[in-house]
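First up is the structure itself, then whatever we jot down about it.
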Amino acid sequence: MLSRAAIYRLVHRRGAAQESRFLAVLPDLICTAGLLAVIADTGIGARSRADLVLSGIVTAVWCLFVAAYALRIWSAPEASGERVASAARARLDYMGSAGGWIDLMAVLALPAGWLAGLPERDAQLFAIVWALKYIRQSSGLSLLLRVMRRALPALVSVVTVFFVILLIAATLAYVFEREAQPNAFSSIPHALWWAIVTLSTTGYGDVVPVTIWGRMLAAWVMVGGIVIFSLWAGIIATAFAEELQRRHFLRTWDLVAEVPFFQTLGAAAIADIVRLLHARHVSAGTVVIREGEAGDSMYFIVSGEATAMLAPEPVTLKPGAFFGEMALLFGTPRSTTVVVTEPSVLLVLDVADFRMLAGRRPELINVIEAEGRRRREVNAALQHA
Amino acid sequence: MLSRAAIYRLVHRRGAAQESRFLAVLPDLICTAGLLAVIADTGIGARSRADLVLSGIVTAVWCLFVAAYALRIWSAPEASGERVASAARARLDYMGSAGGWIDLMAVLALPAGWLAGLPERDAQLFAIVWALKYIRQSSGLSLLLRVMRRALPALVSVVTVFFVILLIAATLAYVFEREAQPNAFSSIPHALWWAIVTLSTTGYGDVVPVTIWGRMLAAWVMVGGIVIFSLWAGIIATAFAEELQRRHFLRTWDLVAEVPFFQTLGAAAIADIVRLLHARHVSAGTVVIREGEAGDSMYFIVSGEATAMLAPEPVTLKPGAFFGEMALLFGTPRSTTVVVTEPSVLLVLDVADFRMLAGRRPELINVIEAEGRRRREVNAALQHA
Amino acid sequence: MLSRAAIYRLVHRRGAAQESRFLAVLPDLICTAGLLAVIADTGIGARSRADLVLSGIVTAVWCLFVAAYALRIWSAPEASGERVASAARARLDYMGSAGGWIDLMAVLALPAGWLAGLPERDAQLFAIVWALKYIRQSSGLSLLLRVMRRALPALVSVVTVFFVILLIAATLAYVFEREAQPNAFSSIPHALWWAIVTLSTTGYGDVVPVTIWGRMLAAWVMVGGIVIFSLWAGIIATAFAEELQRRHFLRTWDLVAEVPFFQTLGAAAIADIVRLLHARHVSAGTVVIREGEAGDSMYFIVSGEATAMLAPEPVTLKPGAFFGEMALLFGTPRSTTVVVTEPSVLLVLDVADFRMLAGRRPELINVIEAEGRRRREVNAALQHA
Amino acid sequence: MLSRAAIYRLVHRRGAAQESRFLAVLPDLICTAGLLAVIADTGIGARSRADLVLSGIVTAVWCLFVAAYALRIWSAPEASGERVASAARARLDYMGSAGGWIDLMAVLALPAGWLAGLPERDAQLFAIVWALKYIRQSSGLSLLLRVMRRALPALVSVVTVFFVILLIAATLAYVFEREAQPNAFSSIPHALWWAIVTLSTTGYGDVVPVTIWGRMLAAWVMVGGIVIFSLWAGIIATAFAEELQRRHFLRTWDLVAEVPFFQTLGAAAIADIVRLLHARHVSAGTVVIREGEAGDSMYFIVSGEATAMLAPEPVTLKPGAFFGEMALLFGTPRSTTVVVTEPSVLLVLDVADFRMLAGRRPELINVIEAEGRRRREVNAALQHA
């Protein structure tokens, strides 16, 4: 029988990814099966055999979601014992989190449809909220929310201008076109439909100005739309790029903190180098560098183990070690092959970044050079021995 | 009876937001009611009961705008006594400002319609200029104007190229298509309509080239349109991002100037840190940090008051104090809960920015560390006492 | 009678702008009149009275262009005597420049039509190349050419990918749709029309996939189009922003070189401050700062003259002087009014930039402070005298 | 008879570009001929004479591709002898590379069609994969792959949100519109077609919402589409710009390493200057600077040879020399003409970058100034001799 901690790892999807690749994608597969059944069911006749099968799938998936929600609440106290005071508090914490709300909505989707008194096939449509599970399982939700919160004041300004242009454009279009096209422009609400379709440069073409004034207005609205969405794109893209950079910095920082070599550098040098490093998760058996190839990066081992295939006998590289620096220092081809022997996390430093860093932080390159020379001498001694 | 200063605070919307949330959004609500009435009125039959009600709402809103304009002129001398020489000067200042002009247009909207001899329902359409009030009340207007002024020379270059491409595309389309489609391409002005719809990638589809040459031209026009709007977007987005950064810098600077702690730093460190801080307005009773949670930012109190729920007795944190630095310095969970006890303004420093800063400005981190250690010792002494 | 130098200034549009605003916009007005006549002429019946008038205008404008071209060649040796060896060389230089080629095309436009044996009204259409004159007279042409040259290698990569996607999408669409829509997708060239309309997200809607496979392809093409144009926009916008910054740097550098005050700073400080200054051309009589207002920038006089309205008697500020620094240094309102008494060029330093600079270049702020103190003492001495 | 090394240079397109411009573009020409034949063949009747000719061209191009693939495998061991252990290994390396796979697909295209039992004209359509050869021959493929790999985590977040919005929008549209338009919105898969066309702002207009709720939904979908593609564009454009900058840095670094002058500078100065230099490939006989012209850049010779047309006798400038620095140092016109006498590679430093550099790296400008003074004295001595 499974312990509560094991259940926790299973349903909260921590550790599952490490135990089995299949368990890691299982929630997405279940969710996809349910959504495909909902979607496909709308395309076929009611009460046909296929309809029964698809409705069955939907119900089955829903049962799984209900079970998962219950298990998640039950196992929530396993979260990280020290932080939470009591089991009840831990359960409320989970239920109050964004993920908990999405799980609850997934559970309530079908009952909501039934309670609304809709026929079975329409009630199923509520299950489309299951799509939110994808967002819950990616790291995108929190990222997007943070970006939106950051960019909010600027976005509100632009949205305000957007609405003002929309209103004025619709009113003018109504005035210019209502005689020529009494149906399409019968009122300002109708004209608003034209305005939004034009301002977003979607241009369905179901409503098109025909008078000379209406067309001149449309030209300005199109250009205005592009200007507004340029502002919009600029704000969002800037905020997003900043937030991504911030995340990268924090994640890499945590990895750098585990490499003793970097601890010998000052805080300023670390903050500098963290921005240039990229983490790489490597599975066992991967050949990271191959003898004779041209080198374009060096590697620091955060966790795991690698083996350098040196001449007398291979050398094992433990966490904290680095390799591949010769190619960057002297521009020579790789002098040895390095294979990862355990699932490892490496920090990669590209040659371009290495050289920029050499300009800004010569002391760092000196350390790498000295350390590399020392290791080479040890190797040479081993070869002579 | 209300004093002139109270009227000023009310109609110029300063302080109103602090006194009551309802007063703060009232102008927007009134404006929205008026606009909705104008819009809805175009969709219903003339002289129906609904028409009478909606027209009544429009007139009522207009009366409020007239009254607000009069009160604003009357109370303008309260603006900020020291700066302005005389009451008349203050009133002219208000009337000449962008906000004053928008208020005037809002007042003149309906009379303009009546004077133009239009029927009542058409005269009301002028009231759509009330939408400008939204821009007036957001901080967007001045921001957008500044951005446009900054980006003007570059935008003029791009707009010139845009018009040249438009003219040449229309002429070529006219030449290529006039035989195949004598109606849609009967003259260059007609072809210009096609050109603008295509160049903005709106693509209504009401006019579409059918000849081989016309379609090849259209392909180039589409690609050209995207190139031009890329330039456009790049210019506007860059100028906007710069201007936003500038605003953020100035606002945060003013807040930083109120925190004595920062004054002990040099000007260079202040200019550096101002870019990384974000202001946060917190209402009384908010739990800013909670014991046991992971910490990702520290806080400086600009104004207001907070209470740290320490063991023997809570400690009150006054403006100028900071808290939450332990989690950033040592990576430990929050060691205490801090609650804001008055409406406060805080400056927030994120952990990523804190660490980047640690690289660039070690002296700043030293001060925070020393100050934090001192406070901890005081707390320890209190506990022993 | 006009000298050759005067003709040169007139037709090459140097100095003309300073002599008269009307002369400065005259070439654009003439060009616009010609283009409007060409465009309008396509919309009216042949051999009507209006047609005769419009054709007359076109011919008149053409005559002016011929005359201008002749005068420009004749007066070219006045360009800048020292640089060019001989008059013939100067004339060839002009004829070989981008501007010279555009002028030549403007001259040859009508004869080209006549020589091609086209009817009068069609021959006139060639005159649309006059639109290039707008680009010639803006500074946009050289800017755009430089940007395109810079971004060329990256753009070529993206355009290659664009064409490959276009070809493959058209072939697949042809395969998927040719049975359902034998007319619209009768061959790959037909399908290419659909592909370009979709890839640019123009979406006329004249050709639309109807099969399930065609629609899935279309979805990928739309998304692919947005990705490609994102790359495109990113490349162009980045190159454009860089080029604009470079231009701004060079122009401001030349102005800074004329202010003796900046020469006392080191080269590093100058390179730093040049990026933050903005040039402003001010006409005589403009009130730059007004007593009692809040200040958000300080000013350096490059050329021209300003008067500070100080108490005992106004003080004249000559090129090289600066003013408005008090408001930035101490945050006080403007203590005096400054009026420009001659057409002047000022360099403006915003308060946000001033404070950033104060962090990076404290020595600069010290100089400004010292200089400001000295000037104040002089003023005080004057008041006492 | 050609040696294997010569074949290698020919078919792997190394060195070919230097021997003959025609050989350099030959592969593209062959590929284009083949693709045009495939495309044109779909537009004409089967078994016509033109069909036979075009099919013949397609077969001929295919034969060339087969031959090229065989020759490339055969000559692969010439790649760069030192790196690869054996001929078999070198051949596998080529076949496993991205270029090798594209070549193999080009070879298999026609047989795949034949094996699938398609008629001759349809089998030919597989040849559209030849378009990938363009990408293979540009440097774009590896660049795009690197960019995509870098931006992958962020793109996955955005794509997830994109799909969730798509699903929810389609379901809502199906609910709102299925009664008003039972054909266009008969099921969610049908509604998905509308959703993708709207979300990408393509807007064909073949399916358009007509109900009030459907239109309000459509407005949100359009706006949502623009937000998503703003994020998308921001991510891709940022990653692309970074990658381009990285490439430029590496290429310029390699060139700078060949100029002895730069080796006298410290590593920090080199890393700084590399970012500002641009490589320029110049053919023999080009006049790089012309006496009397205004100068806006200086040049460093990486390889090749240039001649300065000095007064007594011309001076030959060898690799490592620089010229054009006077105009930047003193702002004077060019004092001499410099002609390139062999195909050369130059590094160009723009005046704007030169001045920014002067601020950050005064020692560099000192070296240039000293070196320039020395050269001038040598020239003066030559003139006196």
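Per-chain residue numbering starts at 1, and chain names A, B, C and D are given in the order in which the chains are listed.
Here, contacts are C-beta pairs under 8 Å (C-beta built on N, C-alpha and C of every residue); 3 or more make two chains touch, one makes a residue touch a chain.
This one's a predicted model, so the numbers in the text were calculated from it and none came from an experiment.
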- Query: What is the chain whose Cα centre is as far as it gets from that of chain C?
  - Reply: A
- Query: Same or different for chain B and chain C, when you check if over half of the residue numbers at their contact belong to both copies?
  - Reply: different
- Task: Indicate the whole-number Å distance between the mean C-alpha point of chain B and the mean C-alpha point of chain D.
- Result: 40
- Whole-Å separation of chain centres (CA-atom averages), chain A against chain B: 28
- Message: Please output the residue numbers of chain B that touch at least 2 other chains, ranges allowed.
- Response: 189, 201-205, 229, 233, 237-238
- Query: Taking the complex as given, what residues does chain C use to touch chain B?
  - Reply: 35, 38-40, 42-43, 122, 125, 128-129, 131-132, 134-135, 138-140, 143-144, 189, 193, 196-197, 200-206, 229, 232-233, 236-238, 240-241, 244, 292-294, 333, 350-353, 355-356, 358-360, 362, 365
- Which chain C residues qualify as touching chain A in the complex? 202-205
- Task: Within their complex, state which residues of chain D touch chain A.
- Result: 82-85, 153-154, 156-158, 160-161, 163-164, 167-168, 171, 174-175, 186-190, 192, 198, 201-205, 208, 212, 215, 218-219, 222-223, 225-227, 229-231, 233-235, 237-238, 246, 249-250, 253, 266-272, 274
